[in-house]
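Here the structure comes first, spelled out in structure tokens, and everything after it is commentary.
Order of writing sets the chain letters: A, B, C and D. Residues in each chain are counted from 1.
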Amino acid sequence: MPRPRTLLVAVAALTVLAAGCTTDRPTGAAGQRSGAGASPQPPAAGTGDQSKFFVQADYDAQLAMRSQTPEGPADRPWEQAIAPEPVDTAEHRKDGPYRLCFSNAAVNNPWRQVGWKTMQAEVALHEEISGLTALDAEGKDDKQISDIAELQAKGCDVLIISPNTTATLTPAVTAACAEVPVIVFDRGVETDCPVTFIKPIGGYAFGADAAEFLVAKVPAGGKILALRISPGVDVLETRWSAAKVAFDASELEVVGVEFTDGDAAKAKSVVSDYIQRHGRIDGVWMDSGATSVAVAEAFEDAGLPVPPMTGEDQQDFLRKWKDDGLTAMAPTYPTYQWRTPIIAALKILKGEEVPKVWNLPQPKITAENLDTYLQPSMPPLHYALCGCEDMPGFPEGWGGTKG
Amino acid sequence: MRRTLPILAVLAVLLAAIAIANPFFLEPAGFLGFVRRAAPLVILAAGQYFVIVSGEFDLSVGSLVTVEVVVAARLIDGNEGATWPVLLLLVVLGLLVGLANGLVTTLLRVPSFIATLGMMLVLSGAVFLWTGGAPRGALSEGFRMFGRQTGWAVLILAVTALVVVLLTRADFGRTLVATGDNERAAALSGVRVNRVRILAFVLSGASAVVAGILLGGFAGVSAQVGQGLEFQAITAVVLGGVVLGGGRGSVVAAMAGALTLEALFTLLNLYGISGALEFTVQGVIIIAAVAAGAVRLPFAHPRRSKGDAHAAS
Amino acid sequence: MTPDALPARRSRRFAAVAGPTRVVFLALAGVILIGWALVAADGGQFLTLENVVGVQQRSAALGIVAVGQTLAILAGSLDLSVAYLISLTSLVAAETMAGQDSGIVAAIAAVAGVSVLVGLVNGLVITKLRVHAFIATLGVGLIIKGIVDHLYDGPAGRVPETFQHLGYDRIGPVPVSALLWAAVALTAWFLLSRTRYGYRVYAVGGDVEVARLSGVRTDRVVIVTHVLCSLCAGIAGLLLAARLGAGAPTVGTDGGYDLESIAAVVLGGTALAGGRGGVAGTVGGVLLLAVLDSVFNQLEVNSFFKDVVRGVVIVVAVAVYARRTGLLRGRRA
Amino acid sequence: MIGIGKSFLGVRVLGEVDLVAAAGEVHAVVGENGAGKSTLMKILAGVHPPDEGTIEIDGRGVSFGHPLDAQRAGVAIIHQEFNLLPERSVAENVFLGREPVRRGLVDRPAMDAATARLLGELGEDSFGPRDPVRHLSVAQQQVVEIVKALSLDARIVVMDEPTAALAEHEVDLLHRLVRRLQGRGIAVLYISHRLREVFDLADRVTVLKDGRLVTSAATGELTPDGLVRLMVGRDLGSYFPPRATSAGETRLRVTGGGNDRLRDIDLELRAGEILGLAGLQGSGRSALAKALFGAEPFTRGRMTPVRPRTVREGIAAGIGLVTEDRKAEGLALRQSVRDNALLVARASGRGRRDGVRELLERVRLVPPRQDREVRYLSGGNQQKVVLAKWLTVAPRVLLFDEPTRGVDVGAKAAIHDLMRELAGEGAAVMMISSELPELIGMSDRIVVLREGRISGTLPAGPSEEAVMRLAAGEVAA
């Protein structure tokens, strides 16, 4: 190719490039990390230094919310709201039938599977919903970003998003807000552009409930082992940071904070190692219930009584608690929160008010109310707080057996 | 035996270090507890040994263990009577998966890395498709007994180790290693090459069944029970001095490699380097161990057998 | 007297390399057709602008990593550390930029530096310590994972808007990320088919002893190849940082870039043992996987079913190549 | 090369060896295998550094750290085992490591043109520069190796057993080429076991024995018998064991046998008899052996006692095959002598597992140690292990495909004695050899193959010309 002609072609290519340039990059400022920096906490022995996710203001707000009575029907906690600040949604009013879209972070753990089944059952209750288009991001931020972009073009009346990771999903959510009313639930994002953010009271309450139970039950000087799933997940980090505050203020000695990746075998090994190393463990704090049964078994295998411990509202833990008479309590991160986004979407499309931040109640299971949450016919990894008992298709739809 | 000495030495050093850090380790309960926890990986390493010594890989064992546990929970669903029939079904399932891996690798001539990677994806997808994404049902006490009671676990480990050593001494083991070394020469000596290599995959599948039963028993049903086990098993076998590419290595060394890896994890845990840095230390140890092994073998890069160029007239 | 082979003036010129590449692009066309039919039956449209852009954007990162993996596999090696390196480089990029446009150049340099370093370590461990590539790169990957998980416990750093354009801008139907992928693929193809280095990669992958005896510095070829492979992973890390707006310690492993990239390379017809195949086939393999994903997304197919189909597709494709090359080898004199 | 010394793993392989080659001279290097010939050549080619001694080219001292240094100094080596890349084209193989470059990029047209020119020079037109080597026959690949060496326009060309795999007419072609190299003032170092070639071609001969220089003299001053005696200390006469006197009952009969490579095979193997199978390169001799054995079975015709369809059926019928390429098809190199010797017995599940020591002594393995890895053994010892592996199942029919290729004269004699012993014990033996003197010397009967068909049968001790006429067919002797 003689020299001048190549030059000409190059210039032409450049002009075409410049002209046709459009962008799908989400406009709007990439969210700044909201809230004040973590207030300096004296690092107590054994519990290490405070997580950088700890926000004192949120911590105080959540602890206070625990005692506030929620507004709304008592028998339908997924429609209740604590200290709601309603926001007007008249601008989004349109008549049915409505087409809802949902960008799901993942279905890779039992909690999300129970929730997803419950959400689908909720959609079935309302004929005015013509269809729910849902995309599973398989736990990949990059995929959820392109999923959200794809859903924007699907002509949805409302877009429900359960973000995989707070920071990385913020730009995509911001962009979606401009196109369609967005409802965010489960994990938050660093922007307030969604119409409503639905979540139970939150991690601080979960962690504090569990820690306060242990502080009450375990005598002073008792050895506490804290088990966490994995670092960096904001929902779990807040649970531990609240528990740390409670333990630092108590006379209990936290002998170890270990990560189990939610794997029962690893959890059981860690516990037996600590039993060997410290001779005895007087209390076990856990940031989630996935491996609680395995932890109790570790003590049984070592021939020791199971000390006071905390878990979650999964049936296998509740059943073991009941059968073996454990001293335990189970804070919850209710799966019924998966029903609320559908209800909120319908409210928005009918122009009714919805709370800006929809704080759902977050009951905790104690020895007294254990029997109400124990459902023998449900599978071991089923979450009691699914709020799905009265929905059509229960219990088979959720893996339970009749009667 | 000559080949197993280096890894046994490393294992002894690590066990001594553990004993120092945690004297309880010396008491029978302590040591047997360690052996029980290492049992699943040792058994998986034995299964993986047969595959690697025949010159292949089996990436599907991790997913197979998860499938075994999840299927067991779903079918037993808590009733004790179902324990034995389900155990039998699990064995059949494991052997069938091994057979499938073997057939795809030998008859369809798909490199085993890809065949078992495909099987890994199929297994993990299929089991969660069937259970709707989350493990359901529960394991019976009869099932969990094997994994929870140290006695049973150690007994199963001992029996498996004995069976495996006998297999390697028998005609099957010898011809398998020869096939891994030079498949063409073995075929022309009358070795049923495909049958032997398929059997290696079936054994690997069987090892996943036994490991699954132990892990399921020990910790109950969970969705990630098998995650990453295939890489750990391959690492353990290689730590034992078995050469990737086939034709060299002893099964005792492979099992010792698994114990070494488990001892390493325990040691790291005792010295509190658990959490993130454990991976870094594991990575360094693996490379160092294999590098030390490779240095001693001057012919580490086996010259590829020139089968084709010499297909005579 | 006639020697064994028929003395045809020029024995038929069999485009051995083109064989498998043709197969993967045929399969790609097949999947697009089937996908289009299924989606149409389901009432959606398959070939919408969003979809075409979506497929390209989703496959760009995997495509770039797969190009690097192609080089490694062609040289008879492979690289299992790419997934962890992607996470590391995305964090390094986002932290160095810290939201400032001025930080972009420094970030790119830092990522290049880290990638070259990791590639060097991989190459040296394989050649000088004579450790099998599987173990060497798995070990290095674990080392990186330990460091990343220790230093970061969540997304960190921030990517300024100007750099985010890399992840989102489009020129007509073609996203910038796809252009980046195309550039990387073309460079690799050029290296392999036009430069001495490329010839030596095929030689070392074909038979390392033969290469050595012909005066090829085999160790150096393997080291350079691993540096290039890690560089590709670094570029992918930069791209993902641009898309996510920040670095994330799990972005590499979540995407499964290590096994997925190897699957794409083999899907493209490159022999796992090395010495045969090329970049073109890999591009086909990556697009095939991306189109499959897109079809499943359109049909809202459960992600577990998708894993099953992907597992089967990979095995079937490689079985087809094995039969084809088997036929070629069997037919000789 | 003056006073060269070298030892491997403590074993002294070469001691004070001098080798002087003049420009334009064909210098043969002969000696038993394990005498150090290949090692000496590899030192010259820079593959291994010498422990003692110096190398001088044109009077200048040189030292080679890497084959590349040797190449630059003008030394080209043609290895016994082809160093080719099957997946790459002929031109890419010829210029491997030294691709011509124009403006930084590989100049493919120049590469193809140069290769085509060299192929033309060799009179080779059955394949072109762009064909993948995977599609070439063994003979064609040999030509590529030679073209590769020539393209180095080397001043010293080392040929290590070049004609081992070549057919007669290709050997003549090669010799014509060597003469042309001579004309260009190139020194050709020619290693071969075929004494006839040494006398036809070489100007001088250097004899090595057990790593020591025995003598270096002009070919004229030596006689074939004298040379053999120098090499091994035994005269040519008693080269082969005495032939059988009577043939026993038929162990194996094929009538009308055929497959895609063979047609109308009528053959009988009788107990106590050594049947020689002659034929040109590519005439199907190995194919016939593998057909009888069941590795590449007959698709047509009848065969008694059984027509084996697989290797296992062949072995079950008491047939054994000592393959042509030991390393690729005969042995598991990284296994011990014992594991290799017991391979057939273990594969079939029967045969003796004890008595390996006696077996190794019977095949005259020196030293009969069972635990060493086979790859450390010399060519001759390796072949003895292959033989031992078949003796464990006491085969009634034993097929030998080039049993003594790349084997030193001493081991060759041992293998010949063994074959005769086995025949004497009632086994039916068939032997394929490209060396006519050996074939004629050993066989009680010779069958000649041409292009997959039997072109004739000759009684014991025919003349080489008679065999060649049947093998070559239309060309006048």
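Following the convention adopted for this analysis, a residue touches a chain if its C-beta (ideal position, glycine included) is under 8 Å from a C-beta of that chain, and two chains touch if they have at least 3 such contacts.
From a predicted model like this one, the values you see are computed outputs, not experimental measurements.
Counting only chains that touch, the fewest steps needed to get from subunit A to subunit D is 2. Ranking every chain by how far its Cα centroid lies from the centroid of subunit D, the top place goes to A. In terms of C-beta pairs in contact, the better-connected of the chain pairs A-B and A-C is A-C. Separation between the centroids of subunit A and subunit C, computed from CA atoms only, is 35 Å. Subunit B and subunit D, compared by their mean Cα positions, are separated by 43 Å. Centre-to-centre, using mean CA coordinates, subunit B is 29 Å away from subunit C. In subunit B, the positions touching at least two other chains are 133, 275-276, 308, 311, 313. Residue positions of subunit A touching 2 or more other chains: 107, 231.
Contacts with at least two other chains are made by residues 4, 149, 207, 209, 302, 329, 332-333 of subunit C. Annotation, chain-chain contacts: A-B, A-C, B-C, B-D, C-D (touch as defined at the top). Chain contact summary for the complex, subunit B toward subunit D: residues 171, 174-175, 177-178, 181-182, 184-192, 247-248, 299, 302, 305-313.
Taken in their complex, subunit B has these residues touching subunit A: 22, 24-25, 30, 33, 37, 73, 132-138, 148, 215, 218-225, 227, 266, 269-270, 274-276.
Against subunit A, in their complex, subunit C makes its touches with residues 48, 50-51, 53-54, 57-58, 61, 99, 149, 152-155, 158-159, 161, 164-165, 167-172, 175, 240, 243-246, 248-249, 251, 254-255, 297, 300, 302-303. Contact residues of subunit A toward subunit C in the complex are 16-17, 20-26, 30, 51, 53, 107, 133-136, 138-143, 145-147, 149-150, 153, 165-168, 170-171, 231-234, 237. Every residue of subunit A that touches subunit B in the complex is listed here, in rising order: 107-110, 113-114, 116-117, 231, 258-259, 261-265, 267-270, 272-273, 276-277, 290-291, 293-294, 297, 301, 316, 379-381, 399.
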